[in-house]
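Letters are used for the chains, namely A, B, C, D, E and F, taken in the order the chains are written, and counting of residues starts over at 1 for each.
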């Protein structure tokens, strides 16, 4: 069968290309497993930097979660061992920087994936939409933190509440895009940054990445608060509207939410 | 239909008596709702102290959760809005001290309930068994904290790992029983303590109880750690062994665990 | 007597208009109570989005705290149950997004109020001044966090240390204004965003707002550190300068601070 | 004027003797200042161990706070810079162990003081009563933590809710008395322990004491939770009952609490 | 060469016996590696319970760290990857309960090891001495927490400050010994407890152990506080006294500490 | 000998000028001590605002740590009592705002110093490079937090991973420069801001600065997580690459890193 991603090593930089454009590079379990496997291989070779991109020229960098794979009602759609969560952790735990190179629109779980990457290089077609409220999904706390660590609270909220795309220029101004470059220069520009990083002490970069990871998660809350959040989230994924959103999406019609 | 609890107000002390001895005072949803309702009534009258006891002379103070009401596989049996969790919070949030008076054995969720009460007065028939490992249940963090706030770590672990009863004398020595008194004096002794408390400033007692509540929950962990715990717990309640334990209990036979 | 606010429901969006321009829309206890009451009514109807604006065309969106209502020396001016704190919590705890629409200058407690709203839509007359240091007030920790969750630390400090207004253009660049739009389009633009939000799953939006609330407060410190902060703050509100600031303000003259 | 304490250095051990038996060794501001001064002197000499005792043979080791010095209504009676808080911190921050030697009864703030000492050696006349609820005082969080770090939660609550004395034998069993020895041997026994400690590495003991201090305070809570606790406490010290308790005490009559 | 430990599987219980009595079962790097290897093997077989004991009849269960292996001055003797720390983590992370069976005296790092085990079964020859202050060692925070999770603060401090042994009877009373049994019955009694544990749901026990592990470490402090502690600890291991303690020990003479 | 800094008081504003341009204003221990001494003097006079600048017209504001003073292998180069850490704390703990005025490039420890200042005023020659990865240094957690409190996570990471300078315009856009002004106006503009601050209540400003300090450090992590980070950092400063980086720097040649 066709590979869903391409992987390559160029000048010691690992390059992963999402390559299932017909399915809008949906983060299906299969594609996620391919990405994780590639990261494991690069890690075994201790490649200092990884680039995560999509096939050149696609309109949609990735459409996020494969809705067909979302659990039906009564089950948490963002559980710790679900595929999206596993790939986010794989990126966070990769030994060196993972740089997202973004051309086109990024949706939902894929948006969380780019926010989990250590840096984002994009061109002006890039846009970022955080879509759980479209799908009736109660998002998880760690995912929300990815946005709070990058954006003013009110901007992060707007992304989640509206599910509207944040366009490249504003994203660059706010800083979630590190560099906005012309489409043609995207990869070369990124590889130049990778080259700079690789001229530094890899040991030092590795431990600093780990320190950022730990600090960016240091928003501790009491078990009582967490269990309450989990109880609230369960009410959402037990709801009519969660089921309706998935059904409507698969039937390619707008959902009829009733707030219950 | 027959009431599952008795409630009474004596000298301004609210008294709740678990009174379903045929069902071993199982904390069924119905009984839990009755307890919460009684606490609400006492709270509306702002009774300074509540006593929680069982019918005189029973062998089993309460057998804990009603196993018939536990969710089948694939659902968290200790979710935030489940009946046991609701009654534990009702006790913790009652405006004044709730004192458990214990004669007989206390099992599982009822054991957590007595540990959630502000004080425990018992006679020498009392014993406390923490039984989730018998039922294949992954316990929740807030419940485990109730024990860690009272017992050396190694004793709390023994209770959970063995599910064996901790007997009255050892429980008193370790301090989880405030006072060990003869069966006949249980209630009078307790009402004397209540009387002492009621001679103090109710306002002061109320805020101090709330401070204890907040500090006893102040074991904050990161959302990442919590989501991992929740993922591990889900593996348990999705398991064969969880289903088998419930089935076996209802069929009154020992479970055949296979560790999966 | 005249109402201090106007309230309206348009296409299921709750609209609150501060409407006491003669008093510069000061957040007096009376106005605060009106806002909270309106939010309660909207909440009872479960309106998914609320808009908080001022009378059209005012120069001052709101001048913040009513200085006449500040406690004299020896009392904490930002205690938990004071009116400003109550309205901030009412906004944070409103079930859906509350969007501030800002034309004109915003001062002190009103500035904190806009930063507590989930989003801010403004025109180019908007400016935001954080004025406690002008009034000799020791601010509270939760209020400071509202700014830290939105701004680089050095910018938030400048706002508090100088009490100078942050102008619309810079506020938009830094991200505390979500959208900068022409005055005439302010409300329509905002209602369009509300419409988008209302096309999403209300259940999902509600729980995500609650998750943001909890995470944005997850800066835990030890009771010892907090009691020290409270002790330091008490020295400030016991000081000559605090008393002098209030007196000077009411006498419409500049304060004579002596640093004690 | 007469000194309120005696201080002495014996074999390099600093010894502080509370010596105002007519006033029941009340922790008046003056006595507190004397204790702190003695600790400062011992610290300047870097004495490795300090012993804190009362005049031999007194019935009351110390009666705690001087009620006459408690602030009237509208002011926090346990503020960070109040005398009791200052002496507790002085003990916690003393460079080496401070050992309380207890003969007789210990009340209120003095009870907190002994719990703040690093160790307690007592004879069988010792008893410990935690009395804020008698005086209508809302206790502070750090003070409550001193008890939670030593006792099962239900025992600590009983002490605060009843204000009844915990007697020597039970205190020893529960572990808040390190050693129970005959009255005659109290000081020699304690000096023997001091001698053992002084045979160890002072540097190591000093840093370990500091580590214990930090960890015993590591119950972090969010600023929002703390400000709520402070708001609740303020309601108590603004109340009729707080004022009444102080008045009644000074008039040597029982208080008439009305719960408001 | 002779093995330093014996390992055995009896009725599915893994048994590790420290067996280097000539060296007082010192926790040398070699012995630690053997223990970790045994735990790994038992883990690969998913043995539900492990017993950790010493050769029958020894006077010293284990003398703790091998002083010869302690780093000289200028290096942290309790760094994360040092052998003692590795074995403590291996026990904490073992998938099921690890039960220490103690006959004889336990010193220093071995004392920490028994406190890290999930339960302790001992006979009346058992004693527990925490000796870092004897060796001039600045202990680490995680190690101190093992004691704070089990003992009243003042008792834990006495252990560290005096380095004196806590005897079996008091240890049992305080709860750090789960059961005190006659020497002859030590192993059978322990295997009976293991049998009970193995009749429970292994999945449930595993996740509950992990929950205890996470909660028992939930004493978060700020990076600033930690870096300060580390700075203080470095002063100690850079000191004359640390070097002197090691030299004196190896020369079998008492150390001459000068507090510097 | 020549002073390394100039200090001056102008209109009650303390001004410190780094003045060792031949050594690129390296933050040598001597210069650090001079800065701390100046801050102490200004603090003794309770100057409300301090300005920290470099000699006019230098190309390099400061080159950061003096590499010659970095410890060789086997010692933490960023320990709590090292000179850089001491000066960062002195700035954070200064009683009023410390404003950095930046003309020219800022490297490494000096970059951390400007991020630790309360505000930054710069001209368009300013640039900020975070260089530990160039020197093989494992940075410390508190230092990383200075950047996380000001910048989107991905931008902070780019600074550390690439060690490339962030230029004035982008720095201003992202907000870490408060104001970008022409070189000639740098000081006057800054003194104007100082004047505004000094017209506010100094008491209020002081306590608010302290509150910002505490909240900006409120990223608590467990001792276990911290000790792991410290263990990882130790691997880096024990490495070949750390030693090589220092040697290469002193020999004025590029380092040959091998990742070990």
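Keep in mind that, in the parts below, a contact is a pair of C-beta atoms (placed from the backbone, for glycine too) under 8 Å apart; a residue touches a chain by one contact, two chains touch by 3 or more.
As the structure is a computational prediction, the values presented were derived from the model and not from experiment.
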item: Pair from B-C, C-D or A-C with over half of its contact pairs in common with C-F; value: A-C
item: Pair joined by more contacting C-beta pairs (B-E or C-D); value: B-E
item: Chain at maximum distance from chain C, centres defined as averaged CA atoms; value: E
item: Interface numbering overlap (same over half, different under half) for chain D and chain E; value: different
item: Whole-Å gap separating chain A and chain F, where each centre is the average of the chain's CA atoms; value: 33
item: Chain A and chain B, separation of their C-alpha mean positions in angstrom; value: 42
item: Residue numbers of chain A (touch at least two other chains); value: 141, 145, 151, 173-174, 215, 218-223, 232, 235
item: Interfacial residue positions of chain C with respect to chain B in the complex; value: 215, 218, 220, 223
item: Of all residues in chain C, those that touch chain D in their complex; value: 74-76, 79-81, 85, 140-142, 145, 217-224, 226-228, 230-232, 234-235
item: Touching residues on chain D, where the partner in the complex is chain B; value: 132-139, 141, 144-145, 148, 151-158, 160-164, 173-174, 219-221, 225, 229, 232-233, 235-236, 239, 241-242, 245, 255, 257, 259-260
item: Contact footprint of chain D on chain B as seen in their complex; value: 46, 48, 97, 117-120, 149-151, 173-176, 178, 193, 196-197, 200-205, 207-212, 214-216, 218-220
